[in-house]
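Please find the structures below.
In the two complexes below, chain A is the common chain; its partner is chain B in one and chain C in the other.
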Partner chain A sequence: MKWELGKIWIKELQFGPDSKLDKDGTVTLDKAALIEKLMEDRRIAAVGLEIAKPGERTRIIPVKDVIEPRVKVKGEGGGFPGVTHKIAKAGSGRTHALSGMAVVTIGDIVGIQEGIIDMWGEGARYTPFSRTLNLVVDIKPVQGLTPHEHEEVVRLAGLKASAWVGALAKDCEPDELEVFEWGSIAECVRKYPELPKVVYIEMLISQGLLHDTYVYGIDAKQMLPTLFHPNEILDGAVVSGNCVAACDKITTYQHLNNSVIRELYNKHGKELNFLGVILTPELVTLEGKIRSANHAVNLALLIGAEGAIVTEEGYGNTDTDLLMICRKLEEQGIKAVLITDECAGRDGSSQPLADTTPEAKAVVSTGNVSHLISLEPADRVLGNDKAIANLSGGYDESLLADGTIRCELNAIIGSTSEIGYFNVTTKLY
Partner chain B sequence: MNYLIVTNNNLVAKQHKNIRFVTGTVDSVLTEARDLLHRGYGLISHPLPASLKLFYSPYRSILMKAGYGNPDAFQVEVMENSIRLHRKHLEERGTDCRHDGDYQYLDLELLKAYDSLISGGEAHEVGIG
Partner chain C sequence: MDTPVRIIYYLNQFFGQAGGEDKAGMEPILREEAVGPAAVFDGMARDWGSVVGTVVCGDNYFNENKPEALKRILEMLKQTGAELLVAGPAFNAGRYGMACAELCREAAALLGIPAVTGMYRENPGVDACKKDIYIIETGDSAAGMKSVLSKMAGFAPKLLRQLPIGTPEEEGYIPKGIRKTVFSEKNGSARAVEMLLARLRGEAFETEMPMADFDRVDPAPPVQNLASATIALVSSGGIVPKGNPDRIESASATKFGRYSLAGLDTLDASSYETIHGGYDPVYANLDPNRVVPLDVLREMERSGRIGKVHEYYYATTGTGTSVANAVQFGKEIGAMLQQEKVDAVLLVST
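Presenting the complex of A and B:
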């Protein structure tokens, strides 16, 4: 299967009378037209649109999701199949992306909230979305919606907005073209018989309200672990529906740009033989966890994996899934490398995960979520900075009178992303 | 299936049957579930939430199965780890009581993942010796 990602480098974002994408990389958006499009959903009472640019002293809070605007220009399907567009197989043909731009959804759903994006200063260092030109979409729903409906309205509005903006790139010539071509497992093994065979197991939060993920529009709670072509995930098969812990929430943008998949592609045929991706749900029941772990490991065995990269989403009961998968892989002779963040206390000295197992010998940390940070006052706040008290990583005294925020890294969107699309790095002492 | 919901959440107690209501904190819910584990009940749900924010929730509901028999090592380990971790987080910061209603609602909503297990379940005697 061959898929091309055509990147159009976006240099400027502005509102104007007509929506267009100029050759110099300037995106102009007709605000009224986009609002009208989003208001087609009658569950929406009002839509606010703002622009936030890198370097501005702008704080966006509380953020729900971040999405890269894209459009399918060749091949089957479009948008997010099974969600914004009719069902189709993702991952072949050509997709154009407005690189350097993002749609950011904000607003309250229940009292506990998602995260912060600071476009400048200390906070900007921790989130990759301080470097994108952000179209901030604030959705106010009609009265009387349940939190489930409210979450769905905001999720769909963000995805629709990104598809609407993405359509501007339909007839553009991309500045850069990336090609992702990967055949069958049998072909790969024939071609590189001497290279170790490695599968990627991506764990997805799948537990209920504000803790969900959708795969081709299906609630991931309903699925058994399943084998996917890596292109499907890079081309919109997976959508985020979780909004509780900002730091290790995998935004839809990060699913589309999954760093583990990209790195495995880079190393394929050179250092290793990439066997594809197993998506596995993180369920709430112990039986469900055992079933998912068994099935994910069984799939890895069936396809002949010798090594597996396993990434987690979330913290707490999901650590049990991570370590169970690790143990079962190693018991079957498949070497496991885990990628996870740590909740190691403010001084970093506590046990970082809820569970542990001796088989977890190769673990990559994406940072300590409890690390304390101080964010200087913003000139402009999109959303409501008082929401920091409700954010994971924030607390009652987080917001000081002058607008400074003291909180844990936990509150920053995508700061410790367990699929690697983030800014934090490791220093050797 | 004969099940039991160990909870300190009134909203859950009102909407479900087979309730073992615990008057107290999440710590009390966890220790009650731990004790029940050693009295023949098995864990159906993992005692911990899936996101850090919910560690500070004042409410928790844990679904258990009646007639499980002797606890297995895996379940005991999960339970003890959960209690240890819960206490560790509460030491750093107390329970978040400002969004009582939202936490109650979220705890009730997250139980929906078990609908297929508990819908149509027979009500049974939940008195425990």
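Presenting the complex of A and C:
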């Protein structure tokens, strides 16, 4: 299967009378037209649109999801198949991306899993989304929606907005073209018989409101671990349900740009033989955890994996899923490297995970979620900074009178990404 | 530093040249000179400090009369106007290590005097005090005395001037067990793939997170007679009175709450809610008894299956809460329940 990702480097983002993408990388958006499009969903009472640029003293809170605007220009399907567009197989043909830009959804708090993006200063250092030109979509739902409906409304509005903006890139010549070509496991093994065979096991939070993930539109709670072609995930098969704490939720943007898949692709055929991706749901019951772990490991075994990268989403009970998968892999002789963040307490002196197993001998840490940071007052707040009191990582005294926020990394979107998307770790002192 | 820093040096009877095991019972004495290792250290610190006195104390005396020994030595530090305490190195000598560790810790905590010592990793003094003080790592025998003293002399000025302290590898101290969040050059994905390739090639690799040894708690024996037992409800599911009066965090809790159940038959959705950020809250908010099952326990109380429901329930948030905080909550809640004469606990997680 061959898929091309054409990247158009976006240099400027502005509102104007007509929506267009100029050759110099300037995106102009017709505000009214996009609002009208999103208001087609009758569950939305009002939409606000704002732009936030790197370096501005702008704070975005509470952030639900981040999405890269894209459009399918060749081949089957489009958008997020099974969610925003009709069902199709993702991962072949060509997709164009507005690289360097992101759609960020905010709005009344749904749960306690939303987060912060600061576009400047200390906060900006801790999130990759301070470096993108952000179209901030503020969704106010009609009254009387249940929390589950509210979450769905916001999720779909973000995906729709990104598809709407992405469509501007339909006829553009990309600045950069990446090719992702990968046939079958049998072919790879024949081609590179001497290279070690590696599978990626990506764990997806699947635990109810704001803890869900959608795979081709299916709620991941309802699926058994399944083997995927890596291209499918890079091309929109997986959508975030705005899940878990902001620091380690896998935003839709990060699914589309999954850094483990990219890293394995880079080394495929040179240093390793990439066998594909197993998506496995993290369930709430012990029975569910055992079933997922058994099945994920069984798939790895069936395809002949010798090594596995396993990434977690969330923390706490899902540490058990991570370590259970690790133990079962190692018992089968498959060498595992885990990526996880840690809950070492505000002073960093606590043991990092909620579970333990001696088989977890190779672990990458993406930082302590309770690491405290101080965010200086913003000139402009998009959303509502009072939300910090209820966010994971915030506390009652988080917001000071002058607008300073003191909080844990927990509240910063993407800071401790457990797919290893970002450059944070811990060191033992 | 213009005027030389006043250094007081601590040694046991052996290194303090008072004698061997026969002198292990000697009480602390202050010699107004640099003795043995203290003299070597004095030479190394020439540019910034001077050893103005050496305290020598027997290992047995210190360990068998800790409060008295500490009191007397701290008094000596005060009298001499000590600005820095250097102790040992104790290598793998257990009693000596304990003395160095505890003296350094107390001097720093009670008198605010920066203190540094040196020990072998397995010296019992390490576990006793590594969290509180800097211990320069040594081998297990005194053979490396000079190089350890040189490391200690290089490190001490950083403590004195409150300069940033580097990693254990850079500075040579035994890790204090603090996990600091830092930026990395490569992202996590790249580090993970490199680590896996190293494993697959049989090359050396270093985990970024050594697994903890968990203590396993044996389940308590079954309650002999439920009909006369007082049962308490404790939950990490975040059910609190509406408005969250104790402002318990929705993740990474730093506290727990204790709430009265007097006169209540059920936890009504109009008065109780969950503030837990780790699960779908909708169903717990519809009926908080799903997490703190007061309704069912009251029925059992009325029918006589249990003696009575304890007057208070305890609640915190489990998600993202560090194990250290959880252990602390457990100890405090356990002590209160014991005091309140509770026989058994229904511990509800989510």
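Going forward, the second predicted complex is superposed on the first by the 417 of 429 C-alpha atoms of A that agree within 3 Å, B and C clash if a C-alpha of one lies under 4 Å from a C-alpha of the other, contacts with A are read in each partner's own complex, and residues count from 1 in each chain.
By our rule, a contact is a pair of C-beta atoms (placed from the backbone, for glycine too) under 8 Å apart; a residue touches a chain by one contact, two chains touch by 3 or more.
Since the model is a prediction, treat every value here as computed from it, not as a measurement.
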Combined model on chain A: chain C and chain B, fit or clash: clash
Contacts of A:Ala344 with chain B and chain C, given as first, second, both or neither: second
Partner chain(s) touched by A:Ile60 [first = chain B, second = chain C, both, neither]: neither
Winner by number of chain A residues touched, once chain B and chain C are compared: C
First (chain B), second (chain C), both or neither touched by A:Asn317: both
Touching partner for A:Lys221 - first (chain B), second (chain C), both, neither: first
First, second, both or neither for A:Lys289, with chain B first and chain C second: first
Touching partner for A:Leu272 - first (chain B), second (chain C), both, neither: second
Chain B versus chain C as contact partner of A:Ser392, first or second or both or neither: both
Common interface positions of chain A, toward chain B and toward chain C: 111-112, 147-148, 207-211, 244-245, 284, 314-317, 343, 345-346, 350-351, 354-355, 369-370, 390-393, 395-396, 410
Contacting residues of chain B [partner chain A, same complex]: 43-55, 63, 74-75, 77-78, 81-82, 85, 88, 92-93, 96, 98-99, 101-103, 105-106, 109-110, 112-114, 117
Residues of chain A touching chain C in the complex: 111-113, 125, 146-148, 196, 198, 207-211, 244-245, 259-260, 262-264, 267, 271-272, 284, 306-309, 311, 314-317, 335, 337-340, 342-358, 360-371, 390-396, 408-410, 417-429
Chain C - residues contacting chain A, complex: 131, 165, 167-168, 175-193, 195-197, 199-201, 205, 207-209, 211-214, 247, 249-252, 254, 275, 277-282, 318-325
Parts of chain A lying in touch with chain B, wherever the complex brings them together: 110-112, 147-148, 205, 207-211, 221, 242, 244-245, 282-287, 289, 314-318, 320, 343, 345-346, 350-351, 354-355, 369-370, 389-393, 395-396, 410
